[in-house]
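These are the structures in question, set out in turn.
Each of the next two complexes has chain A plus one other chain: chain B in the first, chain C in the second.
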Partner chain A sequence: MASNAAVPFWRAAGMTYITYSNICANLVRNCLKEPHKSEALTREKVHFSVSKWADGKPQKPTIRSDTPEE
Partner chain B sequence: MFRQVAARILPRSIAAAARPFSTDVAAASAADEAFTEAWKKVIPNIDPPKTPLSFMAPRPPTASSIPSKLTVNFVLPYASELSAKEVDMVIIPATTGQMGVLPGHVATIVELKPGVMSVHEGNDVTKYFVSSGFAFVHTNSYADIIAVEAVPIDQIDQSLVQKGLAEFTQKLSSASTDLEKAEAQIGVDVHSALNSALSG
Partner chain C sequence: MAMAALKREGKRFAPLIAPNRINTLRSSLAPSEEQAPFGLRTISTQVVRNRMKSVKSIQKITKAMKMVAASKLRAIQVKAENSRGLWQPFTALLGDTPSVDVKKNVIVTISSDKGLCGGINSTSVKTSKAMHKLNSGPDKENKYVVLGEKAKVQLIRDSRKDIEISITELQKYPLNYTQVSVLADDVLKNVEFDALRIVFNKFHSVVSFMPTIATVLSPEMVEREAEAGGMLGNLDSYEIEGGETKSEILQNLGEFQFSCVMFNAVLENACSEQGARMSAMDSSSRNAGEMLDRLTLSYNRTRQASITTELIEIISGASALTG
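And then the complex of A and B:
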């Protein structure tokens, strides 16, 4: 189907809805007053580890973590 | 993320779920009965297991006359702000503009833009600033609003908003790639919406 509706500017720039939505949420969280702001920032923390597989074995993982290393 | 939120919208029933009432929507129990019949034919000795259908409360039926109140479920990924709350009206910030939802509203799905959502109950109005999300209005006057981040207006810090707006307006003029321009534009949109929420 050809695009008959005007796509939103962020999608035209190659961004997905989830990225857009997360950016909006982060900007709002950064504009909060103090006690709420620190609680909100804990919600932004992400921790994941991604590894590509080759020949049935996982390769070195990429770890993205906002929690301090123990 | 939205999958978890959808699970919260469905009302939880107690573990020892009662059998559906006979007055409930016929279509809902038919699936269960067909399964129990087939089970009994093959394995008559063991009780048929519960299917997911028996754990779900059936969808509230669409009343023949317009109900007097709108039931709102307002959920965030980390909390359920309003759960099956009966209100008179909600005004939601749809991408097409502020949209008022009254009981009996036609079924709609809207995408939300950063803006103010107000819940009107009698003479009380509660306002939230919503970062983005979706709203589903159903024929039976239930509205499900899901947002990633929603804060009461008084938790927003004016000076941070002004600073952010200035910063992103400056980034927008100096942006080079499409992606940078889009990010700066998002920043400008969100901060202007925050600004008008504080003043409006």
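And then the complex of A and C:
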């Protein structure tokens, strides 16, 4: 039927389901009240360093830090 | 005449032996244990004493590392056990098919960044290489995604060309789902795959870590396997609500499954790392204690031998003079 046109808005924008659910989770965490809110926000810290490889050589690593929803 | 002079020299030198020990400090790095100005006989205990001091401090350090690893293990074990509930529904729904035959295989190897944790990183790498060999064929492709420094170093040696992405510094902050899911997202966007094999050490108990492989299929593969029957064939008996189609849902589920399985795998590997470090540091402290015992024995023996030698010299010198 409408199997081609029924792509949800976020997938059309290039996000994966994981990114979508992370954004929703962040919104929910921001709705909490104060003591729980800061605790919950500490559970969102992101830090790692990625480097892609080409031909057996690593390229410059990029650090993804503190951007929980990309 | 000369003999008498020599014996007198012996008597005069005897009380100087103790302060002369300071001379031995200068050459304590020499391999032989006997060093002395000409005419003097003494055996140095300084070398043994230095070794004893360093072994004792190593023992203290490894004991402290064991305590630290034990406390970290307690904290992260709770998280790992709670995260097991995330992927179990997926296995119940989609089944776990390690024997699936695919063209593009991506092996995600999870290891630690820090060392001194026993053999777990080597077993992960061995399992990944075995997986690679198992899946090699005429038009099959195997790529690695490496998490952690230790596996990267080992895989660089003979599989440089097959590494796609390497990720390090993962444990700077305590592990949480958001971090792992961003990582999973990165992998999904940059790597093409038909099946993902995640290799990690599953934490069964403080002394037992089993290398495990978890398989996540891409949505197209799931459709293909669904036609082949088995657990996945039952997917059609589920009713789909909302405006999405089955392939849509399978794609969402596939991504989410990857993220959940990665989360659990990273946590279990971290637990295994701390447990392995605990047991490695424990055996290291025990070995240091044994070494210390042996060194103490040899130190006492050397000390007593040198005292006896001095006494013999003094007494024989004295008796030579009086007799």
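Definition applied: the second predicted complex is superposed on the first by the 61 of 70 C-alpha atoms of A that agree within 3 Å, B and C clash if a C-alpha of one lies under 4 Å from a C-alpha of the other, contacts with A are read in each partner's own complex, and residues count from 1 in each chain.
Assume a contact is a pair of C-beta atoms (placed from the backbone, for glycine too) under 8 Å apart; a residue touches a chain by one contact, two chains touch by 3 or more.
Note that this is a predicted model, so its numbers are computed, not measured.
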Touching partner for A:R64 - first (chain B), second (chain C), both, neither: second
Contacts of A:F9 with chain B and chain C, given as first, second, both or neither: first
If touched residues of chain A are counted for chain B and for chain C, the larger one: C
Touching partner for A:W53 - first (chain B), second (chain C), both, neither: second
Touched partner set for A:R43, first chain B, second chain C, both or neither: both
Intersection of chain A interface sets (partners chain B, chain C): 8, 18, 21-22, 25, 43
Residues of chain A defined as touching chain C within the complex: 1-3, 6-8, 16-19, 21-22, 25, 43-53, 55-58, 61, 63-64, 67-68, 70
Contact set on chain C toward chain A in their complex: 160-161, 163-170, 172-173, 176-179, 181-186, 188-190, 243-245, 247-248, 251-252, 255-256, 258-259
Residues of chain A touching chain B in the complex: 8-10, 12-15, 18, 20-25, 27-34, 36-37, 40, 43
Residues of chain B defined as touching chain A within the complex: 1, 78, 95, 114, 129, 131-133, 148-149, 151, 155-157, 160-161, 164, 178-179, 181-183, 185-187, 190-191, 194
